[in-house]
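In the two assemblies presented below, chain A is common to both, partnered first by chain B and then by chain C.
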Partner chain A sequence: MPKIELLHVSKTFDEGKVVANDDVTLSIEDGAFVFLLGPSGCGKTTLLKLISGLETPTSGTILVGGIDLSKLNPEERSIGFVFQHFEIFPAMTVFENVAYGLVVRGYDDETIEKIAEEALRLVSLEGRMLAYPKELSTPELQKVGLARAIATRSKILFLDEPLGKLDPKIRKVFRHELRRLIKSLGLTAIQVTHDQEEAMAIGDQIIVMRQGKILQHGKPEDLYYRPGSIFVANFFGETNFLEGFVSGVGPDSCVFHLHLGGPKFEIKLQHGHQLKNHVQAIIGYRIEDVELIQTKQEEREPGEELDLEEKPRLNTVKGRVREAIFIGPMKRFIIDLENGDEIQAKHSSKFLIDIREGDEILVGFHENPMVFEYPKDIRAELSKA
Partner chain B sequence: MEAPTTDPPARSELSRQDIKPPRLGLQLRLEKYFSKDKFRIALDTGTIGFFLFLIIGPLVSLVGTVIFSWNGIYTSVFDDPITGNVQWQIMGTVLGRSFEIAAIATGIDLVIGLPMAFILTRYEFRGKKLLDTLVDLPMAVPTSALGFSLYLFWGSNMGISGLFGLEQGFLSPGPILITFTHVAFTYPFIVRNLKVIFQEQSKLYEDAAKTLGAPGFTVFRTVTAPLAKEGIIAGTILAFTRSLGETGATIIVAGIFETAPMYVVALKDSLNFPSAAFLSMILILVSLVALMFLRIFSRRIGFPVSKVVPKVERALSTRPVRVARNSIGMVLFIIIVLIPAMYTIPYVIEWFAVNPFTGSTNNTVLESLFAPDNKWAWLWVSTGNSLAIAGISTGICLLFGLPMAMILVKRKWGKMKELLDALIDVPLIAPTAALGFAMYLFWGPFGLNVFQPGFWLIIMVHVAMCFPYIVRPIIAIIEKTDPELESAARTLGASSLTTFRTITLPKMKPGIIAGMIMSFTRSMGETGATIVVSGLIRTVPLLIVDWVETRDLAAAGFASVLLIAFSFIVLLLLRKTMEHS
Partner chain C sequence: MPRIALENVTVTRGGKRILHGFSLEIRDGEYFALVGETGAGKTTILNLINGLLAPDEGRITIAGRDVTRSPAEARDVGMVFENYALFPHYNVYKNVAYSHRVRDRDVTETRKAAREILSLVLIPNRDGALPKELSGGMQQRVALARALMCESGILLFDDPFSALDAGLRMSLRIELKNLARELGTTVVHCTNDVEEAMMVCDRLAVIRDGRIAQLGTSDEVYYRPSDLYVASFISDVNLFKCSVTRVDEEQGLYILTHKRGNEEETREFRVIAQEGAPVFNEGNDVLLCVRAEHFYINHGFRKKPNRVHGVIDEISFLGHLIRYEVKDEYGKRYRIQRFVNAKTRYLRFQKGETVTLGFHYKLGLLFACPREEELARFENV
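Showing the complex of A and B:
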């Protein structure tokens, strides 16, 4: 069955001037729903086109189910493709669009009708069979694109930002319908997206690409909580990065010194880490993991250990709230720490309702941050491109 | 809203395993077979080969003739034992005259065409569509019919001179009448080019400049014109080369004067092939240089924008000046272009059965057509010839133009493709008589000896002439079409030929129809090159030239109207199909 394997696949355009994919090796299990994620121009779409035969790799091998695809034309690969701009044939009705893949395969009319109707029913478009594309709304066009791809009964489905053109609310409903459909048909699917939340919500696995290379490939939880690089950490969710250096490095813990003579944190390290003593490092906290403790009423001392019931030990730093922004269910805070760093925190609006701009507070950092060696080019790592 | 934990069980047509893919039907199987790379390469090679024979071969053969018979050319052109270098002096004179006429005609066109292009793109008024059609009209009038019409209007005592009670024509045939003819002939090309450029350019820039306080004229000079620069230059060069190479209309209005393309025809007729080749080469080289200039340098020319003379420019932008400019542009168009180009029609109506001066049947259309020399029969035979030639040429053009358009859009051949792309346009700008002579040298008895002057050589010449008219619109429409539609068809399992038939071809249909109609009208009206290669065969435009030479004006007028009516119908069809797409 269709296990997709890429071995050292590269693709360059304009005689090598533009590198779209750079030595990509990856393996996707049968039945997985995988998300390709990365900034624009990182080679996501090109990768899909290489596998489906719409582009030819400059070098490397692509195997599906153990078979080398290099000699096969796109029409012989049987890989469904849902295009970013849908590419619904404008001169054909919805039904003719969906039937197209069956007609060119030479099925008889009765079978075509049965399968195409079934595909349209699955996307609940059976009522629009005779409409022309220009009469359809964007979500309907998206559904035709999907129905047309699955009607060919291909076992592999590629989706290039299929939800990119829908408005955010419809998008959130659609994505679960999409997952249900793909799973019920037992397809192996790869979806390209810009939307990190979408990828985490419905993907079995996520592949993060950047500048033609694969940065990380894993389960959504792994990527979120154990990002392999500052870039990946920054790409998913929102993260505070604190610079400093480490000392007392042991197998599973160390002391992190915030710069400018700031406070020291005792933090835990994962086994197998590569950190050395007295080197620069960066630690990261998700903004929702930063605790805020009001000091107004209960005059706590900075550095005092807080033994709150179930919470882990917190390292605390004094800070002042610069901005408190109400965004519906959540409230976002921008806080100047006493050592000059700026951090952000996001919490449910119901709690912390009393924290206002200008307040002096204590900021609590737990002992399990993401820990990174100081990169060569910190700006590049922190850019989103 | 979170991902469902259990997925519903699959039970549908889509996951049934017992539906086996069927055997492909004959059509699909053939398409799949011929989608193989080797057939594509064969088709590409065939198309390029055809193109080489069509355009490059004649050009090479022309240059070859000049090189190999250089001694002969030198003797007859520069160092004739009797006449010395008289031949060269004549060539110098006709070339100089051609350049002069082309430059003046293009200049006049620019001056009267700019306001018209502006009116047609920046104003909304009733009858705009009609005006638009009228501006294009001279393009639909075959050149020899156009020349005849202008001759009648300006040059004969049956035209404008009658208005002033003159016995003679207003202008006698000669350089001034040629210039007037070329102004009318190239006007639509200039206006069309400018129109496209102004249309593509967003009016928002002009609005922005106006909000910043620039008067209308300054806006045009500092914002519109610099952005339209390439289009203005392209239109100018196209009109210039057109005028330089025009033969069909010029022959009729030239009188005893000769232009360079006419001299090519004369040299060929007097069997002085080396000299004809020499002059043809000069004309084609000039056109090629203009084409190169157009492609390479038009981007780099600057417009003087920095200096603004507020007082003068504000005065030029006032409402009276604007109205005056638009009215003058309109009036000049009507007097210099529209009425002269269409004058044959009232003439033929007036002279149809009765001589309006004497009331007798002398010199009327009917008398002339049914005279003992059987013009009536000649007219229908040559109409048949014209239709057959136009039909066959268009068919051949389409056959090779389709794959050529695909090559020019889809293949990634780099520089080689750019060259090919430039060469396609050679017949658009090369003087027709020179190109016709080059093709005569290549295919005729002194070259490959495949075609004698006559029906098939005319067809070869017309195929070369019409090729760009077919290829360009198809290219334009392929470039506008989303290539991902084809990708979609491929991922759905269609072979490349099936994709072409079901997706690409239906999209290209309006472009193909437009190209075919353009090519058909071009072929119907072609005169300059046809004269060179016609032998004893007559097409309608040639008939007009013959009859003007023998002073059978009424018959020539009727043939012109026939041709105009035909071209006009075709032009209307063209507009209809354009609107539908």
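Showing the complex of A and C:
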């Protein structure tokens, strides 16, 4: 029932001077777990307020379950909220905290008990019903917040950094529990986070917002492998962007020149691409896709790398390893290319064990990079702050 | 002489012992990371160094000088907090110049030093801006600049990046490390994120319940974790309770038997112990630990041991990593983490697919089998 649709929704403040949401059209399917991401000030909070009815759009229509939100009374548009700062009442037991919202709504005792116990069982807190918040661990407190939202019996759940207070280790386990719970209850959920990894790990879909607009909306793998813009490529995962210009642009390939007179890459293009010939362009490589090839043929440990039959051809540039950082399962390299560019590479520490700081190497770039037209303001696209 | 030393320090607060006989030496110009769970005592250690907290017992020295009882102002150690802790009503310049202003330093000198540091941390021409007008990343740079103005040459970071976006976090880590190295600053960096600690540090200490569980370089801690706690803290682990059936001392090879589900069926594992690892004898109960990133899926190991069969039960996509959860016929779950790049992108496994997991005999870790209570912290051993 609760499919959420936004049609040309805009929201402005200060008589149109501040545009929080700019012509947003969006559809979230019933039962989807969607992540909303973007830099602070991108309009994601306003968007959630619009969907929850806390704010009214300046223009456009919002439909929940096919019904215009403005025609629903507050009861019918009920949405459960889970926040990072869980705002648990310290003087109430776990049970009372969860039951509170039900008491306010005037349910009878028997119903309250049934719903609250059910909600606590779902988050595996049935054994802690009589405990007070100060006796609980952080993950348990987080679960009380979750149980309280579930107990509202809303079919839509909004979560704002619900795991923000947890240690990374616990967070990685708990996020799967959260997903299983949301899925088992068939809820339509929208979560805001600044943890891109979390969004990719448990989200069905991800919406990236910027300056009040939706930049891209898709499955995690679509955003990671087929980012529609430099901004999205930079926002998910880590990418080396190389600047240069293109020549010989055909329907499915071109030559990329890394700076004038610099190394040339033969690269493939998607069919239907819009790239013009002889223009400035940017190509992007995920840091895990950059290959490092030892030029000195010294004795190596037997490679444990998987041998795939078809090896894509590589464009190579000479480089020098400035830094090799060991990060447990991963090894990260910072490399100065011969043309002066700095790039990074990341590999499983099971491979490439013998590449060290100071080594002269060949850096391999595959033939299928992300290709972008040169943007008007490259610094704004790559800005991380 | 160590730059900073804590000698036999004990801190008790509200009847709870936070640090107990804690000793730590940090070298001059070193980038040192303290990594541990929330509540392990990391922030307490920082507060002992900067003078916000005095120990109940023990001694703290900075560059050989006993500072145990000297106040924070006298130590002048720079500090960067998770929430930046900038003075909200001061502009960028006043925030950065703060420590010099309270010390009545020469105005021209202060201005010069602040300029230099602001350009070093890449905050151009925002002197007049208030913190709230800046992005989170910029605020953290201001906090860093303010800390760098301290004259002790020591910087303490208390989880400085956790409020920032992933991309920014990553680039700031590298920037910070290079900056500290360039300036010769001694840094103590607290975090609960192992990856962050390993990325920035020269050496790190894993802190558990107010004690050092292990101290060493990233490499040492990763390849030779001192105990099960450290191993499971720095990686996702898969555990097998085994008994040693045979030891080939010449090769350092252990042949292990793991009992499955009904206790009658057994499985054999072969492991070559790492250098410096504890020694076990025939008949000993041991715990075999295989990290999530060391399991291969459907890789053609010729030899029979070190293999497990199961069905893919859960998949999570993390960009350059994919995590699988595999369930075997006895319900035991295995966590596997695979590195993914352009070459291996298309080698994917589907939910419900039957797979064979295997690990290299040099990549299994052996620990003495812990007591049941300790073991109970881990699921499906």
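In the analysis below, the second predicted complex is superposed on the first by the 344 of 385 C-alpha atoms of A that agree within 3 Å, B and C clash if a C-alpha of one lies under 4 Å from a C-alpha of the other, contacts with A are read in each partner's own complex, and residues count from 1 in each chain.
What we mean here is this: contacts are C-beta pairs under 8 Å (C-beta built on N, C-alpha and C of every residue); 3 or more make two chains touch, one makes a residue touch a chain.
Being a predicted model, the structure only gives us computed values, none of them experimental.
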Chain B versus chain C as contact partner of A:A151, first or second or both or neither: first
Touched partner set for A:A119, first chain B, second chain C, both or neither: first
Chain B versus chain C as contact partner of A:P220, first or second or both or neither: second
Touching partner for A:E342 - first (chain B), second (chain C), both, neither: neither
First (chain B), second (chain C), both or neither touched by A:D108: first
Touching partner for A:N73 - first (chain B), second (chain C), both, neither: first
Touching partner for A:M330 - first (chain B), second (chain C), both, neither: second
Which superposed partner A:E288 touches (first chain B, second chain C, both, neither): second
Partner chain in contact with A:G186 - chain B first, chain C second, else both or neither: first
Chain A positions touched by chain B in one structure and by chain C in the second: 172, 176, 201-202
Residue ranges of chain C touching chain A (in the complex, touch as defined): 37-38, 135-138, 141, 163-168, 170-171, 174, 192-195, 198-199, 217-219, 222, 233-236, 291, 293-294, 299, 314, 316-320, 323, 337, 339-345, 347, 360
Partner chain B, residues of chain A touching it in the complex: 49, 52-54, 73-75, 77-81, 83, 85, 87, 89, 91, 100-101, 104-108, 111, 114-115, 118-119, 122, 148-153, 172-173, 176, 179-180, 183-186, 201-202
Chain B residues touching chain A - in the complex, by the definition given at the top: 1-4, 7-10, 12-15, 19, 21-25, 28, 35, 482, 484-485, 487-496, 498, 502-503, 506-507
Chain C-touching residues of chain A, taken from the complex the two chains share: 39-40, 138, 167-169, 172, 176, 194-197, 200-202, 220-221, 224-225, 234-238, 286-289, 304, 306, 308, 311-312, 325-330, 332, 334, 346-348, 350, 366, 368, 384-385
